[in-house]
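Two complexes are shown next, each including subunit A; its partner changes from subunit B in the first to subunit C in the second.
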Partner chain A sequence: MPIHDQGYRRYSGGKAPRGYGWAVITRAGIRTLVAKRAFLGLLLLAWFPFFVRAVQIYAAANLPQAAFLAPTPSTFRDFLGQQDIFAFFITVYVGAGLIANDRRANALQIYLSKPLTRAEYVFGKLAILMTFLLLVTWVPAILLLIVQIAFAGNFTFFQNNAYLFPAITVFTFLDVTMVATAMLALSSLSKSSRYVGILYAAVIFFTQAVYGVLFAVTRSTSFSWVSFPANLTQVGDVIFRLPLKYSTPWPVSLLMILGLIAVSGLVLERRVRGVEVVA
Partner chain B sequence: MTQTDSVVTLERVTVAYGKSVALRDVTASFSAGAVGLLGPNGAGKSTMIKSLLGFIVPERGRMRVLGLDVAVAPLEIRARVGYMPESDAHIPGMNAVSFVAYCGELAGLPRVDAMQRAHEVLFYVGLGEARYRNVETYSTGMKQRIKLAQALVHDPDLLFLDEPTNGMDPKGRDEMLELVRDLAHNKGVNLILSSHLLPDVEYTCDHVVVMDKGAIAAAGPIAALKQPRGRVYELRVKTRDGAVDAFVERLQSAGLDCHATDEDIMRVFVPGEGGARQLFALAAADNVQVRHLRPSVSTLEDVFATAVGEK
Partner chain C sequence: MTEPATRRATPSVFVSAMRIFDLSLGQMLWSRRSVFLGLLLGGPVLLAIALRVVSVLYTSGFRINGAQAAGASVFGMMIWLLYIRFIVPVLGVFYGTALIADEVDDKTITYLFTRPIPRRAVLFGKFLAYLVCTVLLVLPSVMLVFFLIVPIGGSSIGEAFPSLLADLAMLAIGLAAYGAVFALVGTRLKRPLIVGLVFAFGWEPAVLLFPGYLKRLTVAYYLQALVRHEMPQDSAVSMLLQVFREVPSVLTSLVGLAVIVGVTLWLAGRAVEQREFVLDQ
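Let's turn to the complex of A and B:
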């Protein structure tokens, strides 16, 4: 009996309304990543600083000798700064192959032959990376805030620093959006995830190195706008109402961040297509 | 939609890649059922399919698929069509059943239904035993089958198959053609089969659209196209000096289309109603003996050769 005689049935069931294709992509991407032990290890490692900070907050709240460890608004800003290194590795691990691997396997024409817009595809991929980045930045920072309230047994700190919740939220989302869109744009430029990872690291370290050289020459921090990490630091300090580290006006730093997001969007618009046309 | 309706229509469609024009003012209609899109490499077949899917925006013209305007409702169209691309294509890092189910979900199937149909279509295309293997470990033939499976999983009303037998061994090719034929003739799936292989189209399709250099060279039911306006004969002759060139020239000057197919057998197209009688008359006039004369059945190859001017 030929194998095809085992039958093909017409489908008479319902179909989901359009517009949720991105969620399918995100769900599948997350499922694939959490199945990898190495990645789970990286996630666990990224949560280590949270536990250290939680112990610090517990000690400050319960041991008079440790009162000097009491959290301040800058504790939360510092915590987010510490998470940058984990965010970097997660960005490279998760983001480098998001589009590059699809380009290598010609998967874009499969995706875009389904009832899925290019924007939905990009958003679905973006959401995978943003989910994991928020999982190691926004989620532990907010949990720390809750831990502080729980261990202190009152809302005093929270009420005195009510801006912390929106500050953490705005800063982490700005940070994560910039990092994720930039990585996704780089991922769309190549078919090799390894090359994309190196490229991303190069962009981050190169801009920081250029700023370092300019600072060494001019002894001025007014060129910090050339470094994306410095721009994030500058905007972060404004959001957390802390003294600024650089003399670059913070709106310039913000413009650089928004500019990078816009350029990344343009790159994605050009590169994510069902057919690659070389005219 | 009745069987006689067109599932795809193109009206004066022009597509260009920079200065290179891939489709020139193409007007065509694809009827329901199985339609072959035939043409040599570079004729514009894949460009036409990609334009119909909305991957490429034409410079001019209008296209409709399943009654929907491609420029207005590309997502509605893609929800109802399946596309099997020409080149290797898969979602990296997935096994076959996850890949096909994922494609089903992307097409809007609920998760449980998508998984159930993924198993079904993988058995249907002959990958049932290999469905838990990573797609990246598949052979070329298996990759062709999984591309068909992902195109079928959401039960499309229309399938675009772009060179489905590319790279397959003879047995695999026959099985793929059987599947395509079964889909079109027994399962009620409309399909457009793009190929440069005449036997594939002739075996699976009822209608054909022949393309050449970005334009439509011929179109219609294969049976009708194979009906010549005149008759084709296989002819072997013996001349006094053994050379047939002069007789061939004589036939051509009499308005008969004549070309050699083998060492001493030629195919002669006799237009109009003259038929064999005209051939015998010309042979007698030139003192040429007719050693073999047999009416020949016109093939799709003849149609193709005539359409693209390869006489």
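Let's turn to the complex of A and C:
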């Protein structure tokens, strides 16, 4: 096709206001993942426990013989605990390649040459992972609460346990933030998403295995701070006002979680950079 | 008149696999991946050093249910919790799924497939290299842990040594079995890592809790029967595992693991022969 005019033409499209660049990355990332059938299958599988719990709540509300299945605050805590394994697989599926694939394709320079700051880039990527993680943790847990009200036909349980809504929200956001920032930091360390996935599995399962050895040797749960899943469990029990599972003081567990988030932020700050021009 | 050029016979699968093995072993041993492997295997050694230092500083030693823990039983726990349940499956997933996938990612598979060797020899050679590489790195780690931990609490190294040899053999067999399973996953599926992790950390631990035949569809069922140490009770899941534990005989386990290695490697070889690998542009 011949080029008739090589003149300059001003951009006539709309301009996104500054500070919203991350939303473009997030939208594109979510759209890409939702188009994958395997991923949709994984999401559907992650919602299976929700349906089981919904049936449990229905039976408890409507069948006198099943009254022993009546939900308690710990039902919601247990439900979130069950979702951990699905959250792990979704984290690896979604998160491993988030930055690693961009680094592999040298796309980071292209991203950062646009009117997009590093913070917006990181936040956009983080939002992709957090969206899907909240979709299998916070959303079903809140829906369970609504299902309970709907099946019981009254607000008694909700009013008696008014702290449940904020507890679910605070715990899931802490959990998801820790997991997402750790995975994103690992993703920025390598160009291979497979390598990142294994590194993440190592962080989660190896710390758990080391705690297992320390517990088996000492028969004391005071070393639970070495395991990140155990730290989340401990803080989760505090938030849900349940008896603590480990003898580690919960502020120590919380400090470990916040420490991991801070270290991940530091890694991201150092690794997500455009081309360094050396004079 | 010029003489016709003599036709060179295509090397056999074994000879070709050995050439690929030769090439891959060097690459595997001196790669960044081995650094990760070193870090992973350094963890148990560091933990063993820490436990040894604590046992020296506190002469009362470690106590389990009020009784002083013997070093041999602590070593057994470490074999169970760190090596069998974590390191061996993770190394299998990590290396097994990458045997062919790495060459595809790096777009170097073409160079191997255009050589006059059977395609499956590439997989077999790489599998052998994986096995030698991981065994060479895992076994020293286990031995260091053994010599650091066993003397704690007055256990005798001499008495426990035969069990160390059994552990080393069991870990080598485990690496072979997991590696072969994940090599098959890596050659057949587009996203092998997720499937590998689901198998190692989702399917296997879950199915071992169910009574019945399902557990026979795991590697762990056969591998755990070869472990001579007592299963630790570090969690409610471990206690359940012990309740539902059905231990096959050593012979059954060895045959089961040999079948797993043989069948999965054969299927992986077939997949490499038949599959068209599309390289990203």
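By definition in this document, the second predicted complex is superposed on the first by the 263 of 279 C-alpha atoms of A that agree within 3 Å, B and C clash if a C-alpha of one lies under 4 Å from a C-alpha of the other, contacts with A are read in each partner's own complex, and residues count from 1 in each chain.
Here is the rule we use: a contact is a pair of C-beta atoms (placed from the backbone, for glycine too) under 8 Å apart; a residue touches a chain by one contact, two chains touch by 3 or more.
All values reported here derive from a predicted model rather than from experimental measurement.
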Partner chain in contact with A:110 - subunit B first, subunit C second, else both or neither: first
Partner chain in contact with A:21 - subunit B first, subunit C second, else both or neither: first
Touch count on subunit A, higher of subunit B and subunit C: B
Touched partner set for A:192, first subunit B, second subunit C, both or neither: second
Which of subunit B and subunit C A:89 touches, first, second, both or neither: second
First, second, both or neither for A:245, with subunit B first and subunit C second: neither
Which superposed partner A:270 touches (first subunit B, second subunit C, both, neither): neither
Contacts of A:11 with subunit B and subunit C, given as first, second, both or neither: first
Touching both subunit B and subunit C, residues of subunit A: none
Subunit B-facing residues of subunit A, complex: 2-4, 6-11, 13-18, 21, 24-25, 28, 32, 97, 101-102, 104-107, 109-117, 273-275, 277-279
Parts of subunit A lying in touch with subunit C, wherever the complex brings them together: 38, 42, 85, 88-89, 92-93, 96, 192-195, 197-199, 201-202, 205-206, 209-210, 212-213, 215-219
Subunit A partner contacts - residues on subunit B that touch it in the complex: 17-20, 50, 53-56, 75-76, 78-79, 81-83, 85, 87-94, 102-103, 105-110, 113, 117, 120-121, 123-126, 128, 136, 150-152, 154-155, 175, 178-179, 182-183, 187-188
Subunit A-touching residues of subunit C, taken from the complex the two chains share: 33, 36, 40, 43, 47, 51, 62-65, 69, 74, 77-78, 81-82, 85-86, 90, 93-94, 97-98, 101, 105, 191-194, 197-198, 201-202, 232-235
